[in-house]
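Each of the next two complexes has subunit A plus one other chain: subunit B in the first, subunit C in the second.
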Partner chain A sequence: MRFQTASAVNIAAALVMAFAVGTALMWISGYDPLSSYSAMLITPLSDWVYFLSALAFSAPMALTGLTFSLGLRAGLFNIGAEGQVYMGALGAVAAAYLLGGPAVLPLAFAMGLILAVLWSSVPAVLKIWRGVNEVISTIMMNWVAYWVTIMAVSTAFANPLQPEESVKVPEPARLTPLVPGTDFTAAVPIAYAAAFLVLIFLKYSVWGYRISVSGYNPIAAKSYGIKPERAVLVAFALGSVTAGLAGVLQVVARPPSYSLARNLANVYGLGFDGITAAMLGRGHPVGVVLASIFLGIMQEGARHMQIEAGTPYEFVKVIQGLIILFLALQLLRK
Partner chain B sequence: MQVSLKEIHKVFSDGTHALRGVSLDIYPGEVLALLGENGAGKTTLMKILAGIYKPTSGEIYIDGKKTKFKNAREALRLGIAMVHQHLSLIPGLTALENIAVLEGAGLGPISGEVRKRAEAIAAELGFEIDWDRDVEELPLGVRQRVEIVKALYWGADLLILDEPTTVLSPPEVKSLFQVVKNLKQKGKSIVYITHKIPEVLEVADRIAVLRRGLKVAEFKPPYDAKKLVEAMVGELKTESVERSGETGERPVLEVVDLWVYEGGRAVVQGVNLVVREREILAVVGVEGNGQEHLVEAVVGLRKYKGVVKIHGGYAYIPDDRHGKALVLEKTLVENAILGKEAEFSRRGLISWKDAERFTAKLVEEFGIVTPGPWAFVKQLSGGNQQKLVVGRELSRNAKLIVAHQPTRGLDVATTEYVQHLLLKARNNGAGVLLVTSDLDEAYKLADTIAVMYRGRIVAIGSVGEMTLDVVGKKMAGL
Partner chain C sequence: MNTKLLVALVIVIIAVAAAALLLLQQPQQASTQTTQTPSKGNIYVIYDIGGRGDLSFNDMAYLGASKAAKDFGLGLKEVQSKTQDDYVPNLRATARSGDAALVVAVGFLMTDAVKQVSQEYPNAKFAIIDGYIPDRPNVLSVLYRENEGSALVGALAALTAYHFNCTKVGIVLGMEIPVLWKFEIGYAYGVRWAERYLSQKFGKNVKFDVLYIYTGSFNDPAKGKQAAEVMLAQGVCVIYQAAGATGLGVFEAVAEAGKKAGRNMGPPFAIGVDANQDYLKPGFILASMMKRVDVGVYTAAKMAVEGNFKGGVLELGLKEGGVSVSTLNDLQQFIEIGVSAGAVRREDADKIVATVSDMRSKIPSWIWEAVDQLKQDIIAGREKVPLPTAQDQVVQLRKELGLGVAG
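So, the complex of A and B:
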């Protein structure tokens, strides 16, 4: 099965249609579309603090977008980023529980990434050994991760002082805002650097080449000594590293809580936002970053929309959903 | 119904010239067999008659009246129906629903009339069909019968059967022949597309042979199987091509007691082969006798039992360059390094500069016509794509070259060129396993010829010993 990436025309059309339908929905619901859109898209650009917050929102989406993009290159529809984000976050929380002081930071990265990679190895191995469709196995792994993480955060790693969240990362181990008064932490440059590394990997590395040949034509790959199974494995593994990274960063580098909410509110949905970023960014690392910034602006704008125009926050999610829907419609039609 | 096709040409959008001016008459109440190798243009020609493809040029006359079809439904309305090789019933619908589906949209239930008529047609042909089962649950042989009933239900006078036996078991094949005879007695015309000679001997009133998009011969009974083979694969022109050096002693490929299974069936049955240095071993045979499985086992694409030993690496020129040799969505450079990407990389990173230089060399050396090394492979013509594949493979300097139908679909000049390259590689010391169904090519290139029939090597010998007479007979299973 091949998944086509959207063309620039597809993307433009999807955006136009999504905003048009969004306009109609707002109007029917009794909100002012013009001031809503202005608050959603213009206000975040009007002030440095807002814009840096938008970038902070973009970081985890860029990382999970890379996960999905790497999958696409190998001909996979890997939607397991969601669960791998939970696992990354869980690893970071476990590190905070086990240790104190600055040592928590490296341990958080190590444990989070290892957990995420292990999590992705299940669908990868199932795919290679038994040909199990990765869509199904990653969805199931997402749910297992969801409940496992909730259980861990509610029991072993619960914060006795604040029952709504897990133990906190100790202060010396936190990646605090680089610009005071904003949410802009090291997470943002780390995410963009990851995108740059993935770009180099895909463009110049032998394995990047092999992944993409296997993705386009696994039989040709096999005919000339490339093992498509290994390409699948590499794509899954690398993808889980970026997704896991997103999860770790949401815990160690996201003010104000530096912990994991018991209902997973600060990681929930990031994996799926990544799919949106990857589709809008045409599966290209630079495109993914740009798309994630766009989505970050919308997310930051959602707050302003609620305040300035009185339009509910959820409309942003509605419009993002519509974008995906219209993209999918065009791709299915082909 | 009398149908005449006049000077039909078909050029596909990728530049393949599938039909080069074919004229054909089909008379009422006859079984016309359309014989030819894969890629000869048989199915394309009939898809044009059935309204599925539009001819690039040429005319269709039905009962003397010039006709143009907009689509398959229009052809069906005039009485022309095609039963496809890979059947085209809609899964998820019952057999009866598949017949009624051409009625068009409607909310009511299928009328009892449809069932009655369908059952009557089936009864006349002696079919037993469970009309209320999902077609997906029906055996392939029964599905084919449903398609035949569907065609007759909608008033077909001319029935095109495209490779109808590929999906059938031997007893089903027998009863299919009976069905063909029954249909003929009812005055229907039948076009029977196949590449299997025993079948045409059984059913055909007349045989038209296509080769490389041309009608090369027509036959009436009594048939001579050898002549049919010759027409299919090309007559023998013994041209001497520069060949230098005796075949060496050292083997580059050893195959011992090779068995390959597919769906529980042994499709390669105990093949033994040796290819030596400076030897071209041509494995010939009518397609579908296990050659493809043999090749895929040798290059490791397929599981097998037995021994395959390759000395000194191999190069592989597959039969299907789009499916197996190239990534069409990628550039020439990216395709040129396929299989040797490690050679162009240092510390895990590919040097695209070196790769580009290498590609430019291939383009120059093998005369590949391209807008540039960074053009996409799908932009190239079929011949240039094949030159890229052959150039890449020969540049591996492997001791063994596995070439599977290396000139299929190529124009005359490119064919000659590719053959010349293979011969040159042989003269330089390589061994070539050439699997081809083109006898011309086999005789031109081979030092040794082996004939494959039903999964076995039924004859092998030097070109001198293997006369066309012997080869033709062995290929036809005689």
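So, the complex of A and C:
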């Protein structure tokens, strides 16, 4: 399960093969691969509005990518980011419901992050005390989070004026676009700064070192006086902070709705996109940011692909899935 | 490590070679595709997260746009939204393209996004279906009086149920958005009108139960099926669906229940929505409340092309032909949609028409006449179907009209 050992060659091979198979699929389905790829990868880079939109899409994926990367460092396969994103968003919505005015913003961060950390503490504690496999417990927690959040948004936090979404964050508490006419809000620099902090933490802090050591070899860690259980706990908690942050930012820093959709459409799948970002970024915070920008460009490119080449956006998802598949294929050979 | 590196390199080389080969074959194909782009601009159709393939709302929008594109010599480009975060970037990308004759936002969910982007790009023309943006010079809000059409099928449902000795009718809805309140309340109003009609005409006092369920989704047929099964288990015999693709599950459940009872024709019946959906489960779909999204899109495109486009509200009801109850005449056109979407086979078309007309003849003519009478009364303004716009009104109307949650 040590995905961070994916080499640059592995990643290049996975990318090339995924795009090659994507080419074949498009060609067979009667779409033009050349203009599709040009619209998908070049158009977002050729226009400021589109590029900033790609960065806006990259921010939550970078944050959930950090969650997965932190887990990998500690030897965990933590796929709980999805549920923790929901919890972060739910906390932000609850803050908007409870208060008015600019005070909503700090409360949203506080409540969102606390909820996310609490949510991750369940699989963490189960893992440490009972040895419950974190893959199973985090998947289960994701589903519990999904339905709890839908219930809360449909009942207590429903917007009486727009029943398809939750109450909105009041205007003074919103993080509005830094560049007018784009979706580029403070969420993007916050996400990249979080990656930088995680990098510093992993590289220079004692706890970062403990996490890495116990991730590589828990037995060796123990003989050095490091408690691997604590490293697991810290990795889970920090990971849930970044995932929760992604959820909060999707609510307070995403125009135009500044709310949570009742079917969770604006947070759904972000946790899993983060796994893609983490695998492509080799679990390294800088790599995760770069990978999330790449995925953001693909996501922005998906709309231009439809407009310029008439190719359905699903092909972008197909290619992303193929990238993961080819990465996993190569890693399983070891 | 060396062998692994080798393997990886070999894979890369093969992949690059394959990609290059495929790309080399490309030019002939590309040239045939790009030549047909017309110079007069494009109609852009942006779908919300529901999207094409629902055989109703979104496919109707496509129908109107493609007809307009053909008639006015425009190109047609479709953009699907994956999440609600895509609405604004999608609208922006189409407005920035510079070749948009009209940008059509299909669906109420895009209201906020259209408000924002229409301000950023004041020179682009937007039309939004079901969204209410009355105060922008470059946005045309196309609204329907679905409450009127729903009242007609409500009356049809109740009278048909009465004919088959049943007193329970239901409605399965999608997400609880204000547009859907019009379906729900209109339907219940039609049922209560049918009660009055029965007591006046036959002196019979019948009381119908009207049950409703909001499934919370427009793209989940499994949820629709489940909701319909709950109703059928409670003895409901006519179910109206206003739930996009979710409603396809309602048809499934109704047809299954009918076949299980050894019938190849209702009861139980379903009632379709938006498009003429009578062909989807022939014999089990009594009729459809057609909401002519195609007419709205076509009208907006026509205004844009002819230069008399202006912002404001375009309201389409029974009188304007914006909503209607499906007839046998327009069935053929919609079977074509079903064929192109792969939902029905072309060879079955004649059989479907025969089954549907057979089913319609089994419903006594006085019922169809009653529905027509209600239609004339609404058009003439003698009957006013309530139009709820706020939550508290809906709560009040549910109480007055005696709507009950199923389950």
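Observations on the structure shown:
Methods note: the second predicted complex is superposed on the first by the 330 of 334 C-alpha atoms of A that agree within 3 Å, B and C clash if a C-alpha of one lies under 4 Å from a C-alpha of the other, contacts with A are read in each partner's own complex, and residues count from 1 in each chain.
Rule of thumb we're sticking to: contacts are C-beta pairs under 8 Å (C-beta built on N, C-alpha and C of every residue); 3 or more make two chains touch, one makes a residue touch a chain.
Note that the coordinates shown come from a computational prediction; the quantities given were computed from them, not determined experimentally.
Three-chain overlay on subunit A, with subunit B and subunit C fitting side by side and no clash.
In the superposition on chain A, A:Asn266 makes contact with subunit C only, while subunit B stays out of contact range.
Comparing subunit B with subunit C, more residues of subunit A are touched by C.
Once the two complexes are overlaid on the shared chain, A:Thr23 sits against subunit C while remaining clear of subunit B. In the superposition on chain A, A:Tyr204 makes contact with subunit B only, not with subunit C. In the superposition on chain A, contact of A:Tyr216 is made with subunit B only, not with subunit C.
Within the superposed three-chain model, A:Thr185 lies out of touch with both subunit B and subunit C [touch as defined at top]. Judged by the touch definition given at the top, the superposed model places A:Ser36 against neither subunit B nor subunit C.
Look at A:Thr67: by the touch rule set out above, it reaches neither subunit B nor subunit C. Of the two partner chains placed around the shared chain by superposition, neither subunit B nor subunit C is touched by A:Ser240. Our angle of interest has its tip at the CA centre of subunit A and reaches the CA centres of subunit B and subunit C; in the overlay it is 130°, to the nearest 10.
The least CA distance from subunit B to subunit C in the superposed model is 13 Å.
Residues 200, 204-207, 209-210, 212-213, 216-217, 219-226 of subunit A are the ones touching subunit B in the complex. Put simply, subunit C touches subunit A in their complex at residues 4-5, 7-9, 11-12, 15-16, 18-19, 22-23, 25-26, 29-30, 33, 44, 49, 77-80, 82-90, 92-94, 96-97, 108-109, 112-113, 115-116, 120, 175-178, 216-217, 390-391.
Contact residues of subunit B toward subunit A in the complex are 299, 301, 316, 318, 323-330, 334, 337-339, 341-342, 345, 348-350, 352. Note for the complex: subunit A touches subunit C at residues 9-10, 12-13, 16-17, 19-20, 23-24, 27, 32-35, 47, 49-50, 53, 57, 150, 154, 160, 162-164, 181, 183, 250, 254-257, 261-263, 265-266, 268-269, 299-300, 302-304, 306-307, 310, 312-313, 330, 333-334.
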